[in-house]
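The structure is given below, and queries will be raised subsequently.
Order of writing sets the chain letters: A, B, C, D and E. Residues in each chain are counted from 1.
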Amino acid sequence: MRNLGPVLTVVAVILVIWYVAAVGLNAAWARDQAARAGTELGFSELVGQTLSQSRPKLPAPHQVAAEIWQSTWVEETQGRRGLIKSGSLSQRSLVYHAWLTLSATMVGFAIGTGAGVLLAVGIVYNRAMDKSVMPWAIASQTIPILAIAPMIIVVLNSIGISGLLPKAIISAYLSFFPVVVGMVKGLRSPDAMQLDLLRTYSAGPAQAFWKLRLPASMPYFFASLKVGVAASLVGAIVGELPVQQGGLGARLLAGSYYGQTAQIWAALFAAAALAAVLVGIVGAVQKRTLTRMGMAR
Amino acid sequence: MAAPVQNIISARNVDLTFQTADGPIHALKGVDLAIGKGEFVSFIGPSGCGKTTFLRCIAALETPTGGTLTVNGMSPDEARRARAYGYVFQAAGLYPWRTIGGNIRLPLEIMGYDKAEQADRVARVLELVDLAGFEKKYPWQLSGGMQQRASIARALAFDADILLMDEPFGALDEIVRDHLNEQLLALWARTEKTIGFVTHSIPEAVYLSTKIVVMSPRPGRITDIIESPLPKERPLDIRDTPEFIAVAHRVREGLRAGHQDA
Amino acid sequence: MAAPVQNIISARNVDLTFQTADGPIHALKGVDLAIGKGEFVSFIGPSGCGKTTFLRCIAALETPTGGTLTVNGMSPDEARRARAYGYVFQAAGLYPWRTIGGNIRLPLEIMGYDKAEQADRVARVLELVDLAGFEKKYPWQLSGGMQQRASIARALAFDADILLMDEPFGALDEIVRDHLNEQLLALWARTEKTIGFVTHSIPEAVYLSTKIVVMSPRPGRITDIIESPLPKERPLDIRDTPEFIAVAHRVREGLRAGHQDA
Amino acid sequence: ADDITLQLKWVTQAQFAGYYVAQDQGFYEEEDLNVTIKPGGPDIAPTQVIAGGGADVTVEWMPAALSAREKGLPLVNIAQPFKSSGMMLTCLQETGITGPEDFPGRTLGVWFFGNEFPFLSWMSQLGIPTDGGDAGVTVLKQGFNVDPLLQKQAECISTMTYNEYWQVIDAGISEDELITFKYEDQGVATLEDGLYVLEDRLEDPEFVDAMARFVRASMKGWKWAEENPEDAAMIVLDNDMTGAQTEEHQIRMMGEVAKLTSGSNGALDTADYERTVQSLLSGGSDPVITKEPVGAWTHEITDKALN
Amino acid sequence: MFKQIPFARPVGMSKIVWSVAAFVAAALIDRSLALLVGVWLVAWHVNSWVAGHESRLARMAAPTLFGLTLLVLWELAVHLFAVPSVILPPPSAIAARMATSGGILWADVVQTVFKGALTGYVMGCGTALLTAIAIDRSTFLQRGLLPVGNFVAALPIVGVAPIMVMWFNFGWESKAAVVVIMVFFPMLVNTVEGLKASEPMQRDLMRTYSASYWQTLFKLRLPAAMPFIFNGLKITTTLALIGAIVAEFFGSPVLGMGFRISTSVGQLALDLVWAEIVVAAVVGSIFYGAVALLEGVLTFWHPSQRE
């Protein structure tokens, strides 16, 4: 909570910059329109104009805020398809889309984390895997996922898998890598002396794993989970772009397609907020676990 | 001092060369040593002379590149698998995610002692090193000296015949050190363990040991082996006796010689 | 021992309490001490009694929460800015990206010595601590003891009036230690530096100091201040004289008393 | 009932109203069909989906379909609900462009992803190089919206009569500030939004029968949509999972789409087909297709469906 | 250390039993599957054997062998299961395409990597480094900026890219802008972390010398921060490349890797798509490797760089 003051200050500064930038970026269009209408714009008119365009280059903060409010609370409480009137979340509300994205993210995150941990264990315990898999894991992350996402979806589609799972798989593809890297580092973090100690006890590989490597890897595990959960979210969003079946990704793109700048920004903020919440949850779990393990100081 | 009944550890012409990027390092050269059952052997010598390395060879943490080394008539590695060793490392090396109690319990869990026995032993060794009451604390909540004592307790908790200790009392002040020296002697007398002990302190080596091994550096080799004439019963003020001072003098001379030709 | 001409360091009722998450820790309580120019003062006491903390207060690395502390008549921080201190930390703390030579050159660069002078001084202090030839090596290529010596050399390279050393010889074996003790005494005699020195070793404290400060733990306070009756000229075998043994005895008693009430 | 999966070319919008109406009004059900409509999107190539077996029939532009056919994916046009093309180039009047002869030296926004074929063949018929040289035009790969025109990053952009054009208008530029070049008017129109299936599946009489019923129901949907544009638009909106479309825009789109579909009963007009093929073949050095396609269309389905 | 336990013992009996069991199980399901599993198992055993060796050659051979195995499996799978090449082309076709389209691929790399990714990378990492140093003295700014920075870093690029195209035009500048945004915060966070990485004792030493802020910065804190800075530089290499490619999906001139990938899917030129992906992976790996190499040279002193 001691961060509150500084954060608010920074946010305030950003808002100011944002407003100034909005005026600057949107001025050209406002002047254009005035010229077409054959009028001259005074400064205050110009400012007023730039902060209230319907498809601005940069929507003003209050426009984004209004859009967020509109597409969450107002839509659900008053909209024809909203929660109050229809009994289910509205397709027009960010809550609904955030939920869609979140569910794909969670499934993908679970798959990615599981796969990442298994791969890491394999790399640490199997020399052949260590030598051959890691360079390819790095290479796999240099592939532009957005490029192959549609192909993954088409291929999965052709074997009858659609809906949540393709998104989740793309999401898993992005999140497994940080987990592998972190866990490999973590499982290897015990120093020579800690390992030697177990050797003097003649402990087996399984005991070494459960009593030393795994607990020692926990800080690395959580650090990579934080990166991984954010990557999962990006993956889910990327997976939503080609199949316009809802979700924040679909929302982003639809906004872009119809030039609804405020809608893009609202979806962007929803996505970032979702990421912040997810990372926050992982952080809370991390704190609890590490405290219970006596590793948080 | 009666001649040891049987040899527990016997090293014959042990050699060890580390291969490093900068070229080989000859850490041990032609080490010959026999340690009998129930002996207390101290290793002393300048920094880098191979004390730690030799202890690690005994515990099968390092493999000699030449010569033969047997423990209980087996290879060190077989002895290790038979859980013959308790080892105290030069640094405490406690697992930070386990409490002091949990750290001491670790070898007991691995060796499959039952719960009640575990609790019992933990309490006993904590008492021994004056850490009763700290069982639930985490390592970082203790001072360096206390951590070192916890790691000693950890090595004493299970019944290893051979106890290898690498500068266990390095981080402690003189008073605490004296106290632990007494405790260690008492434990040794009671359990008849065979103890290998590395130290930089001449009085400590002389006070504790039945046999003092003086080493000299690069390549590490044994320059003197001194059988202590002191009785098994050793009050602290034995350190002022002429026998004690004579032994200490001989150790110091051996050390000095090692320094000269280094 | 002649009375010191002027007080370089004077502490009056110095108090220091650390505020931690678990509550306050009273590390120093009512410390009164006057150190004259050219004195060699040793601090001895059980682990955690506040020796390091007091040294840090003198060097303005810690600020007392009570009492007054002046150095050269200034506040410690002013003295620090006037570059009055050379400080040897409890651990070597060499910068791993610099060679040994580079590490010793560090303070010289910062204080703006010219290149030739830098090279000259580096060579001289390396010689002093027996590390000539290791100038181009990196810290991790040296054993622990050699690193510790390099850090001592670093503190000696520039002309600070006050030298503060926190267990500088802890990681060294007896022979090297003796050697460095002699060197330090010679340097002190030659340069008339004022030295504050923390150690766990009673003989070392007695051998080196003009004044021995015995401390006892929680809250850390001074229990005894012993002015040494030994002459300034001290061969190593002064350690067998009755005066020496008497002082050592007094220190040991003071220490023991501290342990009892801890 | 027979299960049929229809892959659309683009996101749910009134461009595909006929299918949604047929679904919503039960026309498919009446024909004993169980139709799943998969919306498309950027980077989903309908041709790829159908090749992978993810759909039975797809809505596609003829240039893309013929190009795919030449690449070894044997697509066959079974019906053509869109009679005319809605594609055009929209320019700002203030740029001084009055006709295609003014294009050289200009920057033009073009859709890619298979939508570039008509444009490229038009340019090569005009003899204007598209590689950015002084004598030619600079081509931009236009994103999903009309921003390049509004932000003056391009002098002309591609628009559909039923969609993007109106976004430009909505943004505040009036019709008389714009000049448009409809592909229809330029004589380079190619057929849009036909229904395509894989050739080998037409050997299966049951599939042919199901397709006939599908086309019949779909055309019924189209005609219903033409007559009830507002209701059709609402049906489309109900099916839009992104919730991004507005009623106003979809109703207007429906009106414009109706102009393109009204001339068709569903059967492919072979004259239109020939014109498309010729246009694509005459692509100068880099034509979209290099040889006359064979068997790229059939009337078998529409014959069955419409009689 | 456990790592030194010899792993290179001859393949144990149990391993062979397992392998045979897996093969038989696969054979019961499908013959083609059995072939694939068989190839995999054989290759894996060879690989285990190779990886057991400590030579430099073995270090290179193991990953190469692994990669080759994957390629062979891919090729086999495509042929055995008759996967249409518009869905997944075999590696041989991709290689053939790379051989014939070298010019296009190179032009795309120049546009996307050298102009877009590298410029953005240098600018983004550079400003992040300077910003980190600037805010380093103020805990207030750090506390305020880092949470907000994390929030901004979580903005999905797919949302940011179209906006950047709108702001900075279609050329490589907008791609560089996307890259700047993508790399800025990871780099900032790592550098800030790194500037804190010096140990208290190392800083105290500087205090006893009464060193100035800049002396402390250059002689202690920046060197100590190097491992973290390189961590940031390494992570951001792949981010930069992906960012530049993805941004091209949202509007670009008619060249660039992202442009080629997105338009070629639409043209069903999947071999070209995969050729670009291969190039991206190779360039990305080289980029990463180069930074890692530099890291080895500049942070040779760090424990993780020593054996």
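The rule is short, and it goes like this: contacts are C-beta pairs under 8 Å (C-beta built on N, C-alpha and C of every residue); 3 or more make two chains touch, one makes a residue touch a chain.
For reference, the UniProt names are A, E = NitT/TauT family transport system permease protein; B, C = NitT/TauT family transport system ATP-binding protein.
Note that the structure is predicted; figures quoted are calculated from it, not measured.
Any chain touching chain B that also touches chain E appears here: A, C. Looking at chain C and chain E, not one chain touches each of them.
Pairs A-D and A-B differ in how many C-beta pairs touch across them, and the larger number is found at A-D. Comparing per-chain C-alpha centres with the mean over every protein C-alpha atom, the closest match is chain E. The chain with its Cα centroid farthest from the Cα centroid of chain C is D.
Comparing the centres of all chains, each the average of its CA atoms, the largest separation from chain B belongs to D.
Matching CA atoms, the turn from chain B to chain C amounts to 180°, rounded to the nearest 5. As a whole-number value, the distance joining the C-alpha centres of chain A and chain B reads 54 Å. Rounded to whole angstrom, the centroid-to-centroid distance between chain A and chain E, based on C-alpha atoms, equals 19 Å. The mean-CA centres of chain C and chain D are about 86 angstrom from one another, to the nearest whole unit.
Chain D and chain E have centres, each the mean of its CA atoms, that are 39 Å apart. Annotation for chain E: residues 87, 162, 166, 249-250, 262, 265 touch two or more other chains. Under the contact definition stated at the top, the residues of chain D that touch 2 or more other chains are 42-43, 45, 48, 52, 143-145, 147, 151. In chain A, 57, 146, 150-151, 154-155, 158, 196, 199, 241, 253, 256 are the positions where the chain touches two or more neighbouring chains simultaneously. Which chains touch which is summed up as A-B, A-D, A-E, B-C, C-E, D-E. Residues of chain B that touch chain A in their complex: 56, 59-61, 80-83, 85-87, 89, 91, 93, 95-99, 106-107, 109-111, 138, 140. Interface residues of chain D, counted against chain E in their complex, comprise 42-43, 45, 47-48, 51-52, 64, 67-68, 71-73, 112-116, 130, 132, 138-145, 147-148, 151, 153.
Residues 22, 44-48, 143-145, 170-176, 200-202, 252, 255-256, 259 of chain B touch chain C in their complex.
Of all the residues in chain A, the ones that touch chain D in their complex are 29, 33, 36, 54-55, 57, 90-93, 96-97, 146, 149-151, 153-155, 157-158, 241-246, 250-251, 253-260, 263.
Listed in rising order, the residues of chain E touching chain A in the complex are 1-2, 7-8, 44, 47-48, 50-52, 58-59, 62-63, 65-67, 70, 87-88, 140-145, 147-148, 150-160, 162-163, 166-167, 238, 241-242, 245-246, 249-250, 257-258, 261-262, 265, 273, 276-277, 280-285, 287-288.
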